[in-house]
Each structure stands twice: as structure tokens, then as C-alpha cells.
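Have a look at this one.
Order of writing sets the chain letters: A, B, C and D. Residues in each chain are counted from 1.
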Amino acid sequence: MTATTGSDHAQHPAPPGYHDHKADHLARLHRVEGQVRGITRMVDEDRYCIDVLTQISAVTHALHEVALGLLDDHVRHCVLDAAQTEPAAADTKLDEITVALRRALRL
Amino acid sequence: MTATTGSDHAQHPAPPGYHDHKADHLARLHRVEGQVRGITRMVDEDRYCIDVLTQISAVTHALHEVALGLLDDHVRHCVLDAAQTEPAAADTKLDEITVALRRALRL
Amino acid sequence: MTATTGSDHAQHPAPPGYHDHKADHLARLHRVEGQVRGITRMVDEDRYCIDVLTQISAVTHALHEVALGLLDDHVRHCVLDAAQTEPAAADTKLDEITVALRRALRL
Amino acid sequence: MTATTGSDHAQHPAPPGYHDHKADHLARLHRVEGQVRGITRMVDEDRYCIDVLTQISAVTHALHEVALGLLDDHVRHCVLDAAQTEPAAADTKLDEITVALRRALRL
């Protein structure tokens, strides 16, 4: 393994668990970028507040989709692989997930 | 601009209720745009899944802030103004808000 | 006004804004009580985790319904009434709502 | 009833993944039951709407805690055990979790 100088995760040389669906995730995220730009434009154009709120709900929804897709890939690949080869690492990965979900739920 | 009588919000001639905080909302939305582009880049660079999820939580949080700010402005101006001048219109506006919140909460 | 001895809200002698729908709210809350007892029983009986999670989602959903119903009643009555008779009080009530929504969204 | 071969979770003979923390989950759920009864009483006594909403937020928060705790236990035990002994079963269990999370997020 060659040296890496970055943060912990820069040392993860393996492709991420979401590698197989990367194109899908990117396509969704590009769509979200467009939606957010659309919301900015609506506010800039003084569009009706309720219509802006509707678009914000749609973006939040789309981000939940992306997050759930990434999480599913992550568990299915990174965590299950670790479970089969290095159980202690699987536990650590589950701790990370729980922390991430607590953060998402503001617990 | 000629008079409009309809209910088409795109034609709303009055400034929206969020007018006074428009610059704040736009600044927040520009920040959200940057955050979403950052997330896209992270996925493109195969960054660690959990780090991507953390950023998605941050964006969702920021969008909640924008939505709540817009809603607060909307109620404080559009709805309360209507309550004082045209009570039936205030009721209609509250119906709209309830529909928007139901949509946001997926009820 | 006769003396009240309790907290601020005990001094609200008027019926709450949700008075007209009180029976509906109580019926929903009784249903939620039953659902939560059902969840406790499921855990006590070692029921499958995913089935428990499904029930928890249902309760959270039902609580959102109750909360939105109460909020709608509150704005429609307390806030709009205040808007017509005592604008400064309406502003204070909107501040309260924003604080409550921030708390609900953990902002 | 002795051995079961089906996938009916009600017949699951093994203790659930949350077995080790069952007492904690039950304690939390009993607390939630008390909180919901308290909310019902508040509505029954015409308490101020905002105070009711605050309590509903607290219950929703507490239910998120229970759900996350159960999910963490479930993945850590049921899913990881399956990953080590029967990979196809682990995949099925992850499908179940994704469905449950989609339901929770209303996706």
C-alpha cells in the first residue's frame, strides 16, 4: 500500500460501497443541484412563498433518497464485507452509521 | 404593470412576505447550492460514504432553516395582513400552509 | 379577571384554539396511546425488529397528524384573533410558533 | 410450537437482535406511554397549544431514539450474524431495513 497523506478516509484506497450505483447517485445529485438553483431563482423573482416551500420539500425528499441509497450501498458492501473478514471492523462501521443517523435525526 | 385579478401567484404584484429577509434567504440558498455541489464532488471522488451522509444532513438542516424562515415571514406578513383586511383570504392562506406542511411531513 | 395561581398558561381563561376539534384530537391521542402500548407489548414478546420499527413509524406519523391539527387550529383561532384585535400579541404568538417548529425540527 | 421453517416473524424462535437491550427499550417505551398519556391529559384540560406541541416533539424524539436503538441492535446481531453464516439471508435482511427506512421517511 502506498503512502497517503490525507485524512483517514483518503487512506481508504478501495472504491466506496456505493461504487456500483455511483452514476445513479451523481445523476440524482445533479438533479438536486438544479432544483436548488431553481429555488434560488424563485426567491430572487419574488415567487409565492408556498410554491417555494413546495420545491424545498421536493429537494429534501430527493436528498433523503440519495442518503438512503448511499447508506444501503454502504451497509451492503462495506459493512457486510467487513463482517465476513474482520468482525471488529464491522462493529466500528456500525458505530459510524449510528452516529451518522443520530446526527441526521438530531438525537 | 397592469392590474391582475387572478390567483396566479406568478402574477402576484405585491412583494412576497419574505421581502424584508430576501437577501438572507438568497445568501442561505447560495450556500446550500455550494454544499450540494460539494456533495456531488465528494461522490465523484469516491469519498467515504459516512462523510457524504454527514454533508447531506447538513444540507437538509440548512433547507429546513430556509423553509422555516420563509414560512415565518409568510405568516407574519401575508397571513396577518389578510387577517386584518380580508379574513376569508386569511383562511385560504392557512389552508395553503396546512397543505404545504402536510406535503413536507408526507401526511 | 379573577385570580389564577398557576403558570402563564393557566391564566389563559379562554378555551384553546383547538377547542372545536378537541374530540378529534383526543380520539387520535387515545389511538396513539394504544399504538404505543402495542409497541411495548411487541418488544416484550420479542417480536421481529422490523415489525416494531414499522409500528414506530406509524406512531410518529400519527403524532405529526395531531401536531399539525393542533397547530392549524392554533393559528386559525388564537393567532388570527390576535391579529384583528391586538397585533403585537399576534407577533408574540408567531414567535412562539417559530420556536416550537425550530424545536420540532431541532434547528 | 416447536421448530419452524417459515419466514413468519411471529414464529421466529431465536431471540431478537435487541435482546441484550430489551430492558432499556422497554423502559424507554414505558416512558413514552406516560408522555403520550400526559399529552392526552393536556388536551383534555385545554392546555395551551404550544405547550402540547412541545410535548409532542419530545415524544417523537424519544420514539426516534427507540427506533434507532432497535435498528442498531438488529443490524449488529441479526444482519451481521447472517452475513457470516448465510450471505443471501443478510441481503434479504438489508432489503427489509431499506423498506422500513423508506417507510419511515415516506419515500
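The rule we apply is simple: a residue touches a chain if its C-beta (ideal position, glycine included) is under 8 Å from a C-beta of that chain, and two chains touch if they have at least 3 such contacts.
All figures in this text were calculated on a predicted structure; none of them were measured in a lab.
Chain centres here are C-alpha means, and the one lying farthest from chain B is D. To overlay chain B on chain C by their CA atoms, one rotates by 180 degrees, a value rounded to a multiple of 5. Over half of the residue numbers at the chain C-chain D interface are used by both copies of the sequence. Annotation: 22 Å between the Cα-based centres of chain A and chain B. For the pair chain B and chain D, the distance between mean C-alpha positions equals 32 Å. Across the assembly, chain D contributes residues 64, 71, 97 that each touch 2 or more other chains. Touching chain D in their complex are the following residues of chain C: 8-9, 12, 15-19, 22, 25-26, 29-30, 32-33, 36-37, 39-40, 43-44, 46-54, 56-57, 59-60, 63-64, 66-67, 70-71, 73-74, 78, 96-97, 100, 103-104. Residues of chain B that touch chain C in their complex: 61, 64-65, 68, 71-72, 75-76, 79-80, 83-84, 87, 90-91, 94, 97-98, 101-102, 105, 107.
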